[in-house]
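Structures for review follow.
You will see subunit A twice below: alongside subunit B first, and alongside subunit C after that.
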Partner chain A sequence: MWFEQVLFFIAGIGALAGALGVVVLRNPFYSVLALVAHLLALAVLFLLLHAEFLAAGQVVVYAGAVMVLYIFVVAYIGGSDEPLRPEGGLLNAFGPLFAAAIGVELCIAFIASGLDALDTRGADVGAGFGSPAEIGQLLLTRFLVPFEAASYLLLVAAVGAVVLARRRRGLEDIGALEEVGAPPDRRNPPSAETTLEVRV
Partner chain B sequence: MDIVWFLVLSAFLFVIGAAGVLKRRNPLVVLLCLELMLNAGNLALVAFSRMHGGQAGQVFALIVMVIAACEVVIGLGIIVAMYRNRLPIDVDEMSQLRG
Partner chain C sequence: MLEGTIVLIVKSIVIFAVFLQIVPLILLGERKLLGRFQSRIGPNRVGPKGLAQPIADVLKLLSKEQFTPATSVPWMMAIAPVISVTTAIATMAVIPFGPYDAWGGGFGLYGIDVSIGLLYFFAFGSLAFYGLVLGGWSSGSKYSFLGAMRAAAQLISYEVALGLSLLGVAMTAGSLSLVDIVEHQDGMWFVVPQFVGFCIFVVAGFAETARAPFDLPEGDAEIVGGYHTEFGGMRFGSFFMAEYMEVLIISGIGAACFLGGWRGPGPIELAPLWMLLKIILGATFFIWVRASMPRLRYDQLMSFGWKVLLPLATLNVLVTAIILVAT
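Showing the complex of A and B:
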């Protein structure tokens, strides 16, 4: 199965490179693009593990929808290059050290777990393993409660995002008007939209 | 491929994500690094699901993807609110949550 191994190494290197790109690149816009590459490589790895539905979901939902949201916010905020931390900061020095310690710990855990099946290619599975039919059946029978809870969670998150990012008629606008020194009427003519938001 | 290769790869990805969370200051990039960590966990879940031949791990990974989407939506909402309130876009400056 040399083809599988070659594919694994290509996708694995792609995933690692994408992850490193997210961390190393200074411009947030490029970080988001690196994450898209990482997610696509991860979808290939999911396919190698017979998780077809999950790979498709990864590409469509994650690399598609969620990343578009990121791109919008980066474009809205403005992808400014962040300044580096001041030199000699405690977190700056110890952050990568802590991360490396986690890595060593995880590798020790894999080696010492004593799972015999780790060195095999996995259990024998049928042709339908990981297909949308089987995952869908599991979601609607055995995992019905988590499925419904996830749907409510998505609803709550959507409402919460609208509430958080709503344009508030609050202190910040008054402060801005005072800075400019313009009369409120000329700066913000009362429109239907603002009155509606005030009422809300 | 042996399952252990996938697990080691997921450990590396998790470590890179953790290093990013600790190192970067832009909250957008911190959110991206959290995504990296969640995806590393997903890869391990799917690898274990393949090892056992059961699909529960894949359903779990699917739920993790939903959680990640919710986290992204809320995090980006907070970042947009920070931008609107003219607060510095920097996690070091943001030490309290108060509307």
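Showing the complex of A and C:
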């Protein structure tokens, strides 16, 4: 039992430190890494809540797939010598204010429900709670409609990504380009050389 | 409670020790076999028939300088190999070497048997990526960076196919736990009903471990050594070790999911021996392919992964699902 408690505090501190690191660190690459650390700490917290499947999903999907794309973009584009800075003005003045307001509100909500749970052993969960079998059962019975709706949303997003990606290399069929609203330069029709350049 | 903890600790030490001992042996086996495949003799100077070669290699790596380039991020170069090795060793916990109570004493011959078994493998597999990317990025060298980005793109692309190829097995067995999956291969190994899945798994496994013919992340003819170009001494050794551990893991997962795991003739006490034999055979197959196949081009790798392997894997899952529902 004490081991779980120690793990909880380590993961909790890790999650908070990671979240702070994302906004405080100046180098975007380190910010992304802090976000990865935050997500991993969250996965540990999920494990402590008997949500094994969710923890594995968190690591595979967020830390393993989504963040990889972030790292790609930041590593290619974001130079370490160009720190991200806000433009100043209104955003600088009101940003911390709103953040503090939301922080206070969340603290009130969480501490209220957290104090209730003191001296209890937490929610009673069944033996198979959080296992892949149980989650699969729920997804295909009780939450079937939201589950299917989400999968259609992902399908639409994937098709959209393919369409957007095709637009850039569409110099070989100018007709298709006009349809999606990117007029080609009539005065300088693409020569073989420029086509090659775009394809590369 | 205390007894269970002690058993777990002993298991961890045994798994760690066994796999750490196998890696140098596989390395020696690879050099010997590669020599034979290429009509050479291979290492034969250190010890009888070159058997002590791995010790000499490790001693050399340990005594070498830990060089860090001026443009690098030194602390990150220090932790990147640690991430690679840690994730590799953590994955080995789920590879089953025998059923529960095979040797008596009330424990199973596996590190842990979790309900998310295969997902655990994928979770740590996707974390292994950070070892490569941090290593490549923190080196501050263009070749390292190119290698890291190649590795990232390759791992992401082939992990999808790898996952789908194992999904057929998970659906047939009705469980993600590797112990349950082996238990379900009672009458027939899954390599027969899931043959397409097995082929996809093998190909994607080669890409996932970045071994030849998919070793573009360290394609030495193009980008020196890829993500570990700037690493020296035991840090390079750790990356190297992690690579061979990945080979053992893919062989182990493949053996458990498709080749009947610990099943074999003889009494149940021999289970770990069969599993070990299957893993070693898998690793030998990796070496054989390395000696036989030329490296792919990068665009070939990508288009093969997304346009051939992924649709095939999806189709395999679909057909498996239809058959399972129909019968």
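Assume the second predicted complex is superposed on the first by the 136 of 200 C-alpha atoms of A that agree within 3 Å, B and C clash if a C-alpha of one lies under 4 Å from a C-alpha of the other, contacts with A are read in each partner's own complex, and residues count from 1 in each chain.
The rule is short, and it goes like this: a contact is a pair of C-beta atoms (placed from the backbone, for glycine too) under 8 Å apart; a residue touches a chain by one contact, two chains touch by 3 or more.
Predicted model only: the values in this text are computed from it and were never measured.
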According to the stated criteria, A:G64 is in contact with first (subunit B), second (subunit C), both, or neither; which is it?
second
Between subunit B (first) and subunit C (second), which, if any, makes contact with A:A75: first, second, both or neither?
second
Which partner chains sit in contact with A:F8 here, subunit B, subunit C, both or neither? Use first/second/both/neither.
first
Partner touching more residues of subunit A, subunit B vs subunit C, is chain B
Of the two partner chains, subunit B (first) and subunit C (second), which one does A:F53 touch, if any: first, second, both, or neither?
both
Subunit B versus subunit C as contact partner of A:V36, first or second or both or neither:
second
Now for A:A133: first (subunit B), second (subunit C), both, or neither, which partner does it touch?
second
In the superposed view, which residues of subunit A touch subunit B and also subunit C?
53, 57, 65, 76
Please give the residue numbers of subunit B that touch subunit A in the complex, ascending.
1-9, 11-20, 22-26, 28-29, 31-33, 35-36, 39, 42-43, 46-47, 49-53, 55-56, 58-59, 61-63, 65-70, 72-74, 76-81, 83-86, 89-90, 92
Residue numbers on subunit A that touch subunit C, as the complex places them
29, 33, 36, 40, 43, 52-53, 55-57, 59-60, 63-65, 68, 71-72, 75-76, 128, 131-133
The subunit A residues in contact with subunit B across the complex are 1, 4-5, 8, 12, 15-16, 19-20, 22-23, 28, 31-32, 35, 38-39, 42, 45-46, 48-51, 53-54, 57-58, 61-62, 65-66, 69-70, 73-74, 76-77, 80, 82-83, 85, 91-92, 95-96, 98-100, 102-103, 106-107, 110, 115, 117-125, 129-130, 134-135, 138-139, 142-143, 146-147, 150, 153-154, 156-158, 160-165, 167-168, 172, 176
List of subunit C residues in touch with subunit A within their complex:
114-116, 119-120, 122-123, 125-127, 129-130, 133-134, 137, 145, 148-149, 152-153, 156, 159, 175-176
